[in-house]
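In what comes next, subunit A is part of two complexes: it sits with subunit B in the first one and with subunit C in the second one.
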Partner chain A sequence: MSQPPKKTIPKPPTRIKHYLTAAIVLALLVLSYIQTGSSFMDLITNRDQMASLVIDMFPPDWAYFENIIEPMLETIRMAVIGTTFGAIISVPVILLCANNVNRIPWISYPARFVLNLIRTVPELLLAAIFVAIFGLGMIPGIFALTIFSVGIIAKLTYESVEGIDKGPMEAMTAVGANKVQWITFAIIPQAAAYFVSYVLYTFEVNIRAAAILGLVGAGGIGLYYDSNLGFLNYPRVNTLIIATLAVVLIIDFVSNKLREKLL
Partner chain B sequence: MSQLPTHTVDKPKGRGKKVFNRVLILVILAAIYVWAFAGVEEFEIKETAGQISKAIFDGIIHPDWAFVNEEEGLIFGLIDTLAISILGTFISAILTIPFGFWAASRRDKSGFFVTGLGRFVLSFIRVFPEVVLAIIFIKAVGPGSFAGVLALGLHSIGMLGKLFAEEVEAIDHGPREALIATGANRIQVLVYSVLPQVLPGFISYTLYRFELNVRGASILGIIGAGGIGAPLIFALTSRNWPRVGVILLGIIVLVSAIDLISGYLRKKIV
Partner chain C sequence: MIEFRNVSKTYPNGVKGLKNINLTIEKGEFIVIVGLSGAGKSTLLRSINRLHEISEGEIMIDNESITAAKGKNLRHIRRDIGMIFQNFNLVKRSTVLRNVLSGRVAYHSTLRTVFGLFPKEDVNLALNALDRVNIVEKAYTRSDQLSGGQQQRVSIARALAQEAKIILADEPVASLDPLTTKQVMDDLKKINQELGITTVVNLHFIDIARQYATRIIGLNAGEVVFDGPVEEATDEKFQEIYGQQLEKEQQRGPIGAGAE
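Let's look at the complex of A and B:
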């Protein structure tokens, strides 16, 4: 009689990798905690201060609403114009970056590299540089938002363009279309909905960004945050927060509805 | 001879409405643009603009390399920025987990209190810019990196919570039902069926948020919440362009490196 095959339980896979990962994460956290001088005890001991700050904010200074309508509208204007210019500049950038439109790698890769560089610079920093060049006001804010928008719109759209259906493109090539016709009839009909949707999304992001650009002097409501916090006028800060909240929520809602219809 | 029947082809229905909608959209857009551009202050380029642009460009081409190794210099600032974003991201990831489950819509008991309120709280948190949160925390714990950590930690909950909730909504209910059928209690169900499914997604989104937080942390210093932003704003206000250039390069290198590493890890996880 042959021996029945021995049943052996396979050893569980080694967990060293998991332990190692956990150890690295833990080490990073401890080092960060030391580096930043964090102390959660501080947070606990200072809780009265935090609470009094929040209490000071109520009731909000409703009369102040009248004063901030104009800067609020200015914030929206900056976002509208910045997003529009950004969208216009994005179009050629998208065509350069998408590797199914521009088949020349030594152009598309550098274009993508530049796009990635643009995306690494925070918008507040862009605004600070433009304030140094153009002086205080809306203009530097618009410039900063324009560049910031190109980074988002071009990146998202060129990735969508790379995923579009090849059929129409091949068909246009087969009938002998030139490059402009090829783009107009094969690319644009497929990419337009994505493009508009991303522009709307960028507009939402830009509203939030525009609300803080004033901190470096680039126009909009941010300047008022700065001055009121400086003067410790918390009821007014609360009014500002409520106004920003209202505008952002309304614009998010409208933009979301529009995007749902588009895609 | 009898008349041939004449056929009339109906105009395609709904075309008028479509055209009307398009015209309406165009009119609304035009109105928005007229309103927006009418409010822009007059655009005049100051004479100094050219010189300053040239100075900035020069500064970026010839960075102030001596600043790199200075005490409290570039390296210190970048490490501080990185530390703020690591700690801030970790805090927000931990705090977000309950929010993610709260805001996810569920088959059985979705309603105002379970899903709706959770979503509202998350969008409420999302609205506060991290810089404004940082200003408030500075009042509470004093200026410094810790205020930045708290600001990022709180602000990130808004976005992470939304992404976590979507991850929770997408889970496969089979394993959960199987565990319930074997008589597992709620904690066992959570540990053995829900967590294994959502964890990769949670970690991937946390890494993505970490990339954004590195960018966020690099500007927090502008209002005194630690990181590389503080020397940057000093250099900008004192028009020390070579130093602005070196800090800008530092931020670009740091952010790109983090994006690369995080992108690689995310690809491995999902």
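Let's look at the complex of A and C:
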């Protein structure tokens, strides 16, 4: 019964490729570990210092809390404005990049290339550049977050747009819709939920990003981190951490709930 | 009136989709195109409103060449041709009414439609179209809450709201069960008779074709192998044309089971 059939059975494909891949990944990992000079021993031998830092942080300086409400709100405002601008700019970018909306490859490919280029620049670097241009304050931070947001929102949304049902697009072509009507009736209703979901997600990311932009002088709570760490005022740093954590947790929670409802 | 003049279609990979098709479809006819999977039914139907481009020949809609039409002109010809698809092609997240109103966009300015400002007459037209297919009570329901048969009726309403002179239906019942198949085909027939809309339907199965068509066109490998009134489309005739192939197809199961 369990004899193989008489015909020539194809040989199972060789697994060498998989083993080789695993070996290369492992080699890279080991090499990086050696090259960076990192050692788990450091973690153990320096445990006293870590402990003393933690001890220094407690109790947190609750009185300081009042002073950081305003910069905290500033951080949130930066994230809100940066995300909103980014979302607005993303709309045309998405339509240019998605190859089922824009069928001209010599437009969609360069558009994607620019988008990928934007994504390679870390937001902190963007902020540093804008600080150099516009000076200290919230404005460079907002610009940095705007560009950073376009990178995330446009990328995620255009990929989702490429996966939407093409049936309604076909139907709109058949009724004689022009391109704008075609986008309004076939693309937007299908893409809107993804778009809003990714905007919310980007807002979460931007809150965290905005919290450190102050390190390069681009406004928000980051400036306070920088100065308090500089003065070795650990109880205050602890207050900052707790406040940031609370804000991030609340916003993540609300945003997650909203996104669950959307998709 | 739809006229095919020496129409051929060659796919980029060299496969011939349509071979020198010459057909004249008169106003008010109910045509069913039959053929096996891959016979070119869909290509033929979709070439009428240029969802598929043809490689040679010309297609005339009411004595106007859609093959040569461009831009606004092409959109205006398309506006007069309603289309019904196998997978309904509704926007599932939009309401039924909005889906039906989307059939009206080519009548209005871009700005007006983008903001959804359809005139009152259009809304009435859409509601009447829904009423004609007995689904008006679902006007404000989201389309994804409807069953397949209901969704297909909405897509018929969209074609009606479009005030189309021609309705093309590409395997309209292939995703439906036998009972809803009957309802949808009855709706199409009723519209054809009451409003005199020329109707061209692709079907996989000859028995439904005989029930509804006034004229049957048989395709095989991109060629017209039968064209005549229902009375002539006998089992013997089709046996002769499709032979063994047809028998195998019929064995594949009930209506709609073997659709592409």
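Methods note: the second predicted complex is superposed on the first by the 232 of 263 C-alpha atoms of A that agree within 3 Å, B and C clash if a C-alpha of one lies under 4 Å from a C-alpha of the other, contacts with A are read in each partner's own complex, and residues count from 1 in each chain.
As a convention for this text, a contact is a pair of C-beta atoms (placed from the backbone, for glycine too) under 8 Å apart; a residue touches a chain by one contact, two chains touch by 3 or more.
Just so we're clear, the structure is a prediction, and the values are computed from it rather than from any experiment.
K.L.:
Subunit B versus subunit C on the shared subunit A, clash or fit?
P.N.:
fit
K.L.:
Give one of first, second, both or neither to describe whether A:Gly176 is in contact with subunit B, with subunit C, with both, or with none.
P.N.:
second
K.L.:
Applying the touch criterion given at the start, work out whether A:Pro189 contacts subunit B, subunit C, both or neither, answering first, second, both or neither.
P.N.:
second
K.L.:
Between subunit B (first) and subunit C (second), which does A:Thr14 come into contact with in this model arrangement: first, second, both, or neither?
P.N.:
In the superposition, A:Thr14 touches no partner, neither subunit B nor subunit C.
K.L.:
Should A:Pro168 be classified as contacting the first partner (subunit B), the second (subunit C), both, or neither?
P.N.:
The answer is second: A:Pro168 touches subunit C but not subunit B.
K.L.:
So in the superposed three-chain picture, is A:Arg208 touching just subunit B, just subunit C, both, or none of them (first/second/both/neither)?
P.N.:
first
K.L.:
Which chain, subunit B or subunit C, ends up touching more residues of subunit A in the combined arrangement?
P.N.:
B
K.L.:
Minimum C-alpha distance between subunit B and subunit C after superposition, to be given in whole Å.
P.N.:
Result, nearest C-alpha distance in the overlay: 7 Å.
K.L.:
Which subunit A residues come up in both lists, the one for subunit B and the one for subunit C?
P.N.:
Common to the two interfaces on subunit A: nothing.
K.L.:
If you look only at subunit C, which of its residues touch subunit A in the complex?
P.N.:
Subunit C reaches subunit A through residues 49, 51, 72, 74-79, 81-83, 85, 87-94, 98, 102-103, 105-106, 110, 113-114, 155, 158, 162.
K.L.:
Where on subunit A is subunit B touching in the complex?
P.N.:
28-29, 31-33, 35-39, 42-43, 46, 49-50, 53, 73-74, 76-77, 80-81, 84, 116-117, 120-122, 124-125, 128-129, 132-135, 137-139, 142, 208, 211-212, 215-216, 225, 229, 241, 244-245, 248-249, 252
K.L.:
Under the stated contact criterion, what part of subunit B meets subunit A in this complex?
P.N.:
32-33, 35-37, 39-41, 43, 45-46, 49, 52-53, 56, 79-80, 82-84, 86-87, 90, 123-124, 127-129, 131-132, 135-136, 139-142, 144-146, 148-150, 215-216, 218-219, 222-223, 226, 232-233, 236, 239, 244, 248, 251-252, 255-256, 259
K.L.:
Over in the complex, which subunit A residues touch subunit C? Could you list them?
P.N.:
On the subunit A side, the touching residues are 165, 167-168, 170-178, 180-181, 184-186, 189-190, 192-193.
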